[in-house]
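Here the chain labels run A, B, C and D in written order, and each chain numbers its own residues starting at 1.
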């Protein structure tokens, strides 16, 4: 029989008159004193942010809340159509599509930038590191995470705004600089417009704030849960799922409608 | 063939240089100007809050973020143990348990209070309405939602704090008054301490802010998604799921271990 | 501190050379000897079925596997579009919509029929019980679960086939008889065609087989998981989610496209 | 505006009196004629199996149904504790942990074997291919998928049974042979007992049956959904989640209990 290892979580405890979250008294020190964004920072970093961190962090999660009608909000709305009594299930269904295609690039960008500075003793310039990143991705035929956008051209307005706020708050450091230089190198190498997009900017800023790369994915998940609640509430008062289903079913099955194997 | 009904969502749109959320320019009007809590209010109410609404709303969602080790955070941690590559799936798994047992009472309290004032022309006093609510629930042997707590006695410090902030912000109206009076009546009728708990206070405040009752459940879901990200990140660096599994498996299967139907 | 209660599960155990499921040796008694349907019966009833039970049970779950393009399969496909690396998440997203609207009526029918025979000493006839059920639902303005179908008219071919097999296997007992009589009474009371549908037949047969009503919902969930895997595999080779999203987004946001609150 | 691409699904269609699944008449050709395992084969392969395929396929999915108390069944039970009204959500929560740690190796083994035979013109022997696979994985410090088991030693009884049935049904072909030879080579290279486990055997058999590698993951997901229903039903009558939670919470929070940052 294996020896028992202790179970330990440092996040919260409560007694008859006190609830503590990461060591702060919830009722006396948090409620009425901090906003939801600071609570999110607390969840990720295990401490409250200072003023600059709070401003930067809120600007990073605010653009992740809402993306309109996208596959994840449609999954949530389809789920609500079948189980309107379980709002939590509709939101969860929406979160499940936040994988490699839409949200993964934030974490991918963060990992790429952290790896580039892993050997900290090097005197390599930002330009050289950027060239190396682009060359390696091209050699491996992999997309550089955090660059380009099908709609927002020539620049992603969210990334530009994040860089502005990063300057104001002191978070425009080497990771942001490298991410922007990677875009310059990628544009030169490919001849295409490949500006830093929102996921690239947020991934770089997660590095600046000392968060682990998995946290980068976490920001997207927590923010989108908020937006998904809004979609489920709109679906409840102004539904689209049933109509979209009817159209999709009719068109998609028309190719085989009426066909049986036995020819009857 | 049924006639097509139009699909419509008023939440967001984007063009090459602009992203709009509920009519606000995301990069110019929201990022750097509003916090995550105001974005959450925007998702629920389709407009930004004023200062009093922002203060009240943030105080309502902040205590919902984190509850420590509870079934939903354990479900998330168990999921992370099997699929560490899919943070979104672990958070979704945690959300799925936010049903009738733990979160439902917020929405239940909101529905109860809205129903009590549905006939607005009545001159019934708050005391009378509260007596009627308690009597009806006792007759139907149903628990009054929003009252009592197994740990926080004699009062729930979160509810008390919410009432304070409601006074300060002007949201201590008839719904809050009725919820508190329901507690008084329930304590008299049962002889037990049944203070308003956090879900009762938040349900009442959702009514004060003009939110639909389903939104009350939504606040819990969005806030807990934030806390669940924190638990998954802690599980990644300080795991408990595998150890808890090993203990549970060993103890739970010991009653049947070695037993086969054919007696071999 | 509360006293510890024991943890116990009787489902499975394993040692170095044996894996036992509900007391059967998995490798020697189940693999190669029983089909997946019998394993499903074993999961629900904690014992293997006899031949009649196996035939009836398989006929009950087979029609639940596949319903074509419906909201739940669209939710799964939308999830796959965002997270193609996580097939389990796409299937889970599809399951989440199996709530009150589409699957709930199976469990509802089972509960209704069990309640009707709860007072077993009564000499009430099936006709009388059916009349009472229809009268009660009409008085409460609630839909009788298990009746009617928007497409399958005048009868649901799955229900008819289930009744045939129930006759052959000896499961056409009082619950099935009552469900069918409820349809007769409902048609007389409303003047509309309200035949027993697949969920009504399956709910009644769950009662005949001695399963708890929650198991009725469980049959739908397990069967649909199988069909959802098929949809995710088809989506991978012949995708529709991205195209459906593009159409939905374009149409749904057209009403507000270009509109900003500040009038710019 | 992008041109519309057609939506097409070949899985099912229905009319007033017929429901067709992959071209078979559901009520007349499937119900009462095929078992759930054959329906599962139909979902994956878009046609019914012959007798040998049916025997082999059922033997592959039967051992995937039930694994006792494991992280995924605990996630489902924790979810049921919070949302007992939503069985589908509990099953979905359980599925979400079927990721890289527990189920991924089936798909990984299938991909590895398919890649080894991708260059079909080669006259390379099975021994040589096996050596190359083991060498490559060792060079890259990656675990060879489908080998070894912490409990089932020296052999996994499920794999042995699958190989027996593969011999009987004619599915013991080159993929199974290579998987077994990989085990031989891995044991020689490492000096440790590394028999083919159930996931390795099932992955190889998916290749033999001509299924895509993603289907290998799908088998685990569909089968476990069945077992998860059984766990939720047992949790409903013999609960363990709440007790396990209480123990975990008490132990895990004891290290920080009573500690506040401000020292109060």
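Throughout what follows, contacts are C-beta pairs under 8 Å (C-beta built on N, C-alpha and C of every residue); 3 or more make two chains touch, one makes a residue touch a chain.
Computed from a predicted model, the values in this text were never measured in an experiment.
Enquirer: With contacts counted as defined, which of the two, C-D or A-D, has more C-beta pairs across the interface?
Expert: Result: the pair with more contacts is C-D.
Enquirer: Could you pull out the chain whose C-alpha mean position is farthest off from that of chain C?
Expert: The most distant chain relative to chain C turns out to be A.
Enquirer: Please work out the Cα centroid separation of chain B and chain D, and write it as a whole number of Å.
Expert: 35
Enquirer: Between chain C and chain D, what is the gap in Å from one C-alpha centre to the other?
Expert: The computed centroid separation for chain C versus chain D comes out at 23 Å.
Enquirer: Where the centres are mean C-alpha positions, what is the separation of chain A from chain D, in Å?
Expert: 29
Enquirer: What are the residue numbers in chain C that touch two or more other chains?
Expert: Correct list: 6-10, 12-13, 15, 18, 68-69, 83, 85-86, 88-89, 92-93, 96-99, 103, 240, 244, 248, 252-253.
Enquirer: Report the topology of the inter-chain touch graph, choosing from line, ring, star, complete and other.
Expert: Drawn as a graph, the chains make a fully connected set, so complete.
Enquirer: Under the definition above, what is the set of chain C residues touching chain D in their complex?
Expert: Spelled out, the residues of chain C in touch with chain D are 1-2, 4-19, 21, 26-28, 30-32, 34-40, 42-44, 46, 54-55, 58-59, 61-63, 65-69, 86-89, 91-93, 95-99, 103, 151-153, 157-158, 160-162, 164-165, 212, 214-215, 217-219, 221-223, 225-227, 229-234, 236-238, 240, 243-244, 246-247, 250.
Enquirer: Which residues of chain D touch chain B once you look at their complex with the stated criterion?
Expert: Result: residues 68-72, 74-76, 78-86, 89-90, 92-93, 96-103, 240-242, 244-245, 248-249, 252-253 of chain D touch chain B.
Enquirer: Could you list, by residue number, the parts of chain D that touch chain A in their complex?
Expert: So the residues of chain D in touch with chain A come to 6-10, 12-13, 15, 18, 20, 23-25, 29, 83, 85-86, 88-89, 92, 96, 248, 251-253, 255-262, 264.
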